[in-house]
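Pasting the structures in now, so scroll down.
Shared between the two complexes below is chain A, which pairs with chain B and chain C, respectively.
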Partner chain A sequence: MSDVLSMMPAAATPKIAGPGRRSHSRMRLYARRFRRNKPAVVGVAIFVLLVLVAVIGPRIARYSISEIDFLALAQPPGGTHWFGTNQTGLDLYAMTVHGLGRSMIIAVAVSLLTLLIASFLGALAAYMGGWVEKIILGVINFILVMPLFLLEALVAQKTGGNWLWLIVVLTAFGWMVMARVIWQLSTSIREREYIAAARYMGVRGVVVVFRHMIPNIGSLLVVQFTLGIVSTVMSETALSFLGFGIKIPDVSLGSMLIDGQSVLTTTPWAFFFPAGTMTLLTISVALMADGLRDALDPNSAAGGRA
Partner chain B sequence: MSQPILAVRDLNVTFPSEAGRVDAVRGVTFDLYPGSTLGIVGESGSGKSVTSLAIMGLLAQSAKISGSVSFDGKEILGLTDKEMSSIRGSGISMIFQDPLSSLTPVYTVGDQIVEALRLHTNLSKAQCWERAVDLLDKVGIPNPKVRAKSFPHEFSGGMRQRVVIAIAIANNPKVIIADEPTTALDVTIQAQVMELLAVARQETGAATILITHDMGLIAGMADDVLVMYAGKPIEHAPVMELFANPRMPYTIGLLGAMPKITGGDKAPLIPIKGNPPMLIDLPPGCPFAVRCPVPIDLCSQREPSLTPVDSEFDAEQVVPGEGVVDYHFAACHRSVEIDHGLINGAPVYPVPEHEYHGQFADMARNDRPVTLSVEHLTKTFPLIKGAVLKRRVGSVYAVNDISFDLHAAETLAIVGESGSGKTTSLLEVMSFDPKTEGAIKLGGVDVIHGGPAARRAHRRDIQMVFQDPAGALDPRLTVFDIIAEPLRAFGHDKSDIANRVAQLMEVTGLDPAQADRFPTAFSGGQRQRICIARALAPTPKIVALDEPVSALDVSIRAGVLNLLLDLQIKLELSYLFVSHDLSVVRHISDRVAVMYVGRFVEIGSTQEIFANPRHPYTEALLSAIPVPDPVIERSRSRIVLDGDLPSPTDDKPGCRFANRCPLFKTLSADQRSVCQQQTPPLTGTEGSDHLAACHYR
Partner chain C sequence: MIKYLLRQLLAWFIRIFLAINITYFVANIFLDPSANYVERRPPISPERIQQMLEPYNLSHNEPLLHRWWDWLTGVVTRWDWGLSPIGGSVNEQIAFRVGVSAQLMLGATIIAFIIGVALGVYSASRQYKLGDRVVQVASIIGLNTSIVVVALVVVFIAIQANRSLGWTLFFVTGSGSIGVEGFGPMLVDKLQHLVLPSICLIFISWASYTMLQRSLLLDNISADYVRTARAKGLPQAVAIRRHALRTSMIPVMVSFAFSIPGIFTGAMLSENIFAWNGMGRYMVTTIYGNDIHGAVAVAAFSSLMVAIGAVLSDLAVVWLDPRVRVN
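The block that comes next holds the complex of A and B.
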């Protein structure tokens, strides 16, 4: 065949666009579909605002999180203490913005680490098949039947409320569900004809995984990552609420909730500011995840509306 | 002359979409008379299914519908869903394409027919059940009393479609709309279902709308034909008139683009250039003008409307049971000039010129080298029982002891119904699996038992093109990366790859300037060309083609088939071609192997097989294919097989075809016992390469 190809006139070798140039029309389509989803745009706006608050908020705070104002115990929101103070005289604004930042860092870090572990093990299981797949799935299923929350609480208790350790604990017990999801997606990609085509062309297995399998579940990984943030905020809050997570002198939204709920009738602001912030955070991320899913999913009805 | 039962006037449907307003149906007008059959034919996206859904009131909320649909004298467009529900099923009923998804898996088929009956009648439950059994009997379900209590998954595809038809005729509808009723079925089953539809029509006296892309079905079933293109009816005439003297270039092209089952040599087909248009923001003028071989200036300025053309129609060819007969509408500015495929004496579509030459073109088959040799290939799948302790209880013989040789520059087609094992054979050849039973020799080297070195060395000699080009191309890679993939795998260097990709795109009729686009930006035909370019990249000697044109529209098919034939001559390729479409097989292949339940039942040269089929199954298969010519289609006798393919689970001795064989029924008891006890070997007369596996032929 090479003879035939070389027999072709020189003029028939036209200019060709190299592999480096990529069309961005797909990204633009996703962006347009995402923008059309009003709740998702609101979600992004709220999330950006919360990030700004978490970054800039502590710098403009008049008090630090451990600074006790003995002259203003259980003050309602007002002039010097914007969100008021709690029973011990701590500034609730300083605590809320610090706690927000802490919760966000934990959520993003845990979600990212979880995703890395899950996609590695999930894709490996799907690609290798056979006994490797059986072992990985066996381990996942075994961990999943254990009372995970109890284990998280016990281990977190031992580490003494350090937020870095909390990240480790939440990651260690949180990757299994996502790994299963990724394994399932990868097995469906594995059956596609372009994978078979690549195999018949003699393409090596590792190349197949990185060139065909991972990119084709990429959009779903983005969605999984976003949803992971919500679930991590929830677990961190729950642990802190039960007293196993972040501990004084550090502050997270969850640890503020446990303080606030006991004095709900006398100083309701001590509960409502952290609770409201946390609700905003989870709702905004959930809205973004929803919008992303619809924008990236070609079959979604919501994304297809003009 | 009676009143039309269904009158559609200027039906328009538009959908909103990402890119803009989609004009899916534009100005459909027709009358349907009691007892007659209207065929609506068109390619995918031509608006034929949307038309039927609009009539049924089943379109999504977002669709905007205008015009008028009157059923039995009453306007039904714009009725509420509740009002439509009383008409759907009892007045107008519908048969969908996929019988698997149109039946609910959790209810028995009897219950589903009873449900349809109880919605529209006041019969008691017991009466309904009786009628359901009666209906199942009518549509040819054996042992209906027992089978009524079966669930849909216990039926085969053809049987399920019979149940769907039973539900459709349960309330004696006046109109039956059949939307691609046999597209998901095999040809022998298709013949059964079409026969049943004709019976159902006589039984109920209902008018039928048959929606299909298959001109052969139209030729056999329809009284009137409406051809649609880009959402618009472009020709409307009685079936005989339409096939004898089409007046719109698109219809002429559609009829000319199909390989003729009666033809045979590898003369190039006449493709329609270009692709069907997107229905978004259609420019003024005729939507077909850009693809039309004979456009004039007026065509791009004003869209022609569907107007009567003078007709020299012979009234004696009229099929009885029809309304108005003497009419012929076409939407073309030049339809008056067009006559029997000629325009001013010259053919509307000039025949493309192909020069076939090459060192193998004139060489006898046996003198050419053997490129692929398959010996006693057998593929079994284990049949496993038990939930915890899995044990093998038997084997499914997907491929059972097949052997064939493929010579250079030759095409061997493997034909058979779904489940016959033809694709499995192909994949087994492609996979080079050392566990395969039998031998696969590429250029004389056994790649199965030759060890990994032999396998690697011969990997590039055989490449594959898949059935569905959309699924075979990674949507996240550009065309350049896709075609370059095998080259990279075989270690070509960078500048070589860039040159070869450009050349391959040129050779397969693609524009190399589009190499940085993603597969989704291409039409189905172009995507298949990308697949072919990728398969040719490592300079293979053999290309395995798994139904390469069955997912493509008719007008696109011709171009891809021409390309395949052209490349075969130029590059001296051997094709291993798998298909169920016998007209395509007849066109492209040199030799044909007919497969039935894992075995070859007949193998020989294409001319021999089509002219003198020896095996009764081959005969039945050939007679089941609809011929796109109403005169032939309505006069020939057809062997309709009853029953379905047997399951390939066990490998008992005896002929697998005996239970459906028309010949078997004529045999004496002694002869029958031979069929049942001895597996017939592939035999032929001395010196002939036409072999058949039948004891009595």
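The block that comes next holds the complex of A and C.
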């Protein structure tokens, strides 16, 4: 046994360089496949533009999100107020770019945290099998029966519109579906030789999960991450629209839609700017996810055509 | 078959029971009925508030476990879902709201499923042709647009349509008008109210079935048994319908059960936008009114919907899949 162990590093060294080189050319292959997917490229372009708007937009805004212009109530878009103002005289451009940033931060943070929890639990269940798998899956399936939206609303309304708490709430109630998907993906690789090899070498379960299983479904995790962004924007919108999520004085794209309803016929721009921005955001991310899936999936039909 | 069904129903019953009770405790942590009285002028002392809440089984004078037991025995023995913090009966509220929500959810869910599967079959049998591309683009838009945005755009268009017509073709608020008599006029009135929220729900939910149906059918169209069917002389359409579709429908049926919670959330938002007094609107009312018992009743309804969806999709799988023999 000690013989084998002392041999291992020497034998492993050249192999470490191997995957490194290969992954470099693999990256280029992925990039090429992705670039051939026109909708995905459009998605990236829109998304990058939206990120720039969210970062630079607030700096060039002439008004802050809480600054009321009493001389310009319900103004249509124009020179001083680029997106117009709402009925209380707030500048819609400032609110939209701020809300975009807020919605983006929440979406990315929740999706990332969800991914961490889900990939850990999903891969652990798949790796351990037996009663651990049964318990984890049983808990996930049970939580999915729970009235999750009601619970989210219950907890979120208590946090008083703080966006950091909203991240916690959306993560706590949002990781189950992704965990199931990752469990499904992981069960397909748990019978592979390299997992068995690691197991027989006495590598601890947690290490196998993190070092061998999760990296091997990494490409699929990237896709899950992008899809998570879309679903978080949707949940955040739903909560904020009903008044349980982001609240005044803070602004998100979802909370801006509250006004939209009552003023649809009088000042439609108060609805169409935030709604349009949000739809651009979700659709561009979805197009990216689609492109990533086709580019990263070795069995993808479109990958073969590219 | 009956035995299998009974076992499934029992399992769902236990899950729902647990879900409702957990919600009861969560609601007790996050909703505080005494907060309704805080802003009162003249101010009421905290002791007095708790005293006032006592007849509704909401007072902190009694330990939480006691209140829970009283509430649970009420539900189990008398089907009494408790009282709101102002003394209204929860049963009365849900009695008419369940019907209102069901009108909206049932129709829209079934139509969305049929449209979704039909478009999935259509686009799979025309892979990479124009029709397929159009369906693909439409389903990306449908899947990734918030129902709030969809509903408000629909309201905007309906108002413009009403204005240009000069009379009210679509009602954008409420589930029915008051004072409409006779079967014909009532049906027309119902449809005028129902059509907009249903369009919104269908818009956000058809696409997931289409995506799944398309990719599964594409896997099956090239399968050996479909080629055999074609070689026997069956036309492509019949081979797809009788052989490929049957197999590929099964996972779509399974996904149907998992789509129910999303539809419930969607229905809830559209009820709020179109001012339907259904369970979704009730949920918002109960949370704002710190109505613990009402919120738990909403939770029970949503869990029940999930269970019904799951059992139905189970039955459909048994019916579709000859390999599943439940005895």
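By definition in this document, the second predicted complex is superposed on the first by the 263 of 306 C-alpha atoms of A that agree within 3 Å, B and C clash if a C-alpha of one lies under 4 Å from a C-alpha of the other, contacts with A are read in each partner's own complex, and residues count from 1 in each chain.
Everything that follows uses one rule, which is that a contact is a pair of C-beta atoms (placed from the backbone, for glycine too) under 8 Å apart; a residue touches a chain by one contact, two chains touch by 3 or more.
Model, not experiment: these values are computed from the prediction.
*Asks:* I'd like to know which partner A:254 touches here: chain B for first, chain C for second, both or neither.
*Replies:* In the superposition, A:254 contacts chain C only.
*Asks:* Can A:241 be said to touch chain B (first), chain C (second), both, or neither?
*Replies:* In the superposed model, A:241 contacts chain C only, not chain B.
*Asks:* Help me check something: in the complex, which residues belonging to chain B touch chain A?
*Replies:* 16-18, 20, 62, 427, 430-431, 456, 459-460, 462-464, 466, 468, 471-478, 480-481, 484-486, 488-490, 498-504, 506-507, 512-513, 515-518, 521, 531, 534, 536, 538-539, 570-571
*Asks:* Would you pull the chain A residues touching chain B in the complex into a rising list?
*Replies:* Residues of chain A touching chain B: 1-2, 4-5, 8, 12-19, 21-23, 26, 29, 33, 192-194, 196-204, 207, 211-212, 215-216, 218, 304-306.
*Asks:* What residues of chain A sit close enough to touch chain C in their complex?
*Replies:* Against chain C, chain A makes touches at 39, 142, 144-151, 153-155, 157-158, 230, 233-234, 237-238, 241-244, 254, 257, 260-261, 264-265, 268, 271, 275, 278-279, 282-283, 285-287, 290, 301.
*Asks:* If we count contacts the way the header does, which residues on chain C are in touch with chain A in the complex?
*Replies:* Contacts found on chain C: 15-16, 18-19, 22-23, 26-27, 30-31, 140-141, 143-149, 152-153, 155-156, 159, 218, 258, 261, 264-265, 268-269, 272-273, 283-284, 287-288, 295, 298-299, 302-303, 306-307.
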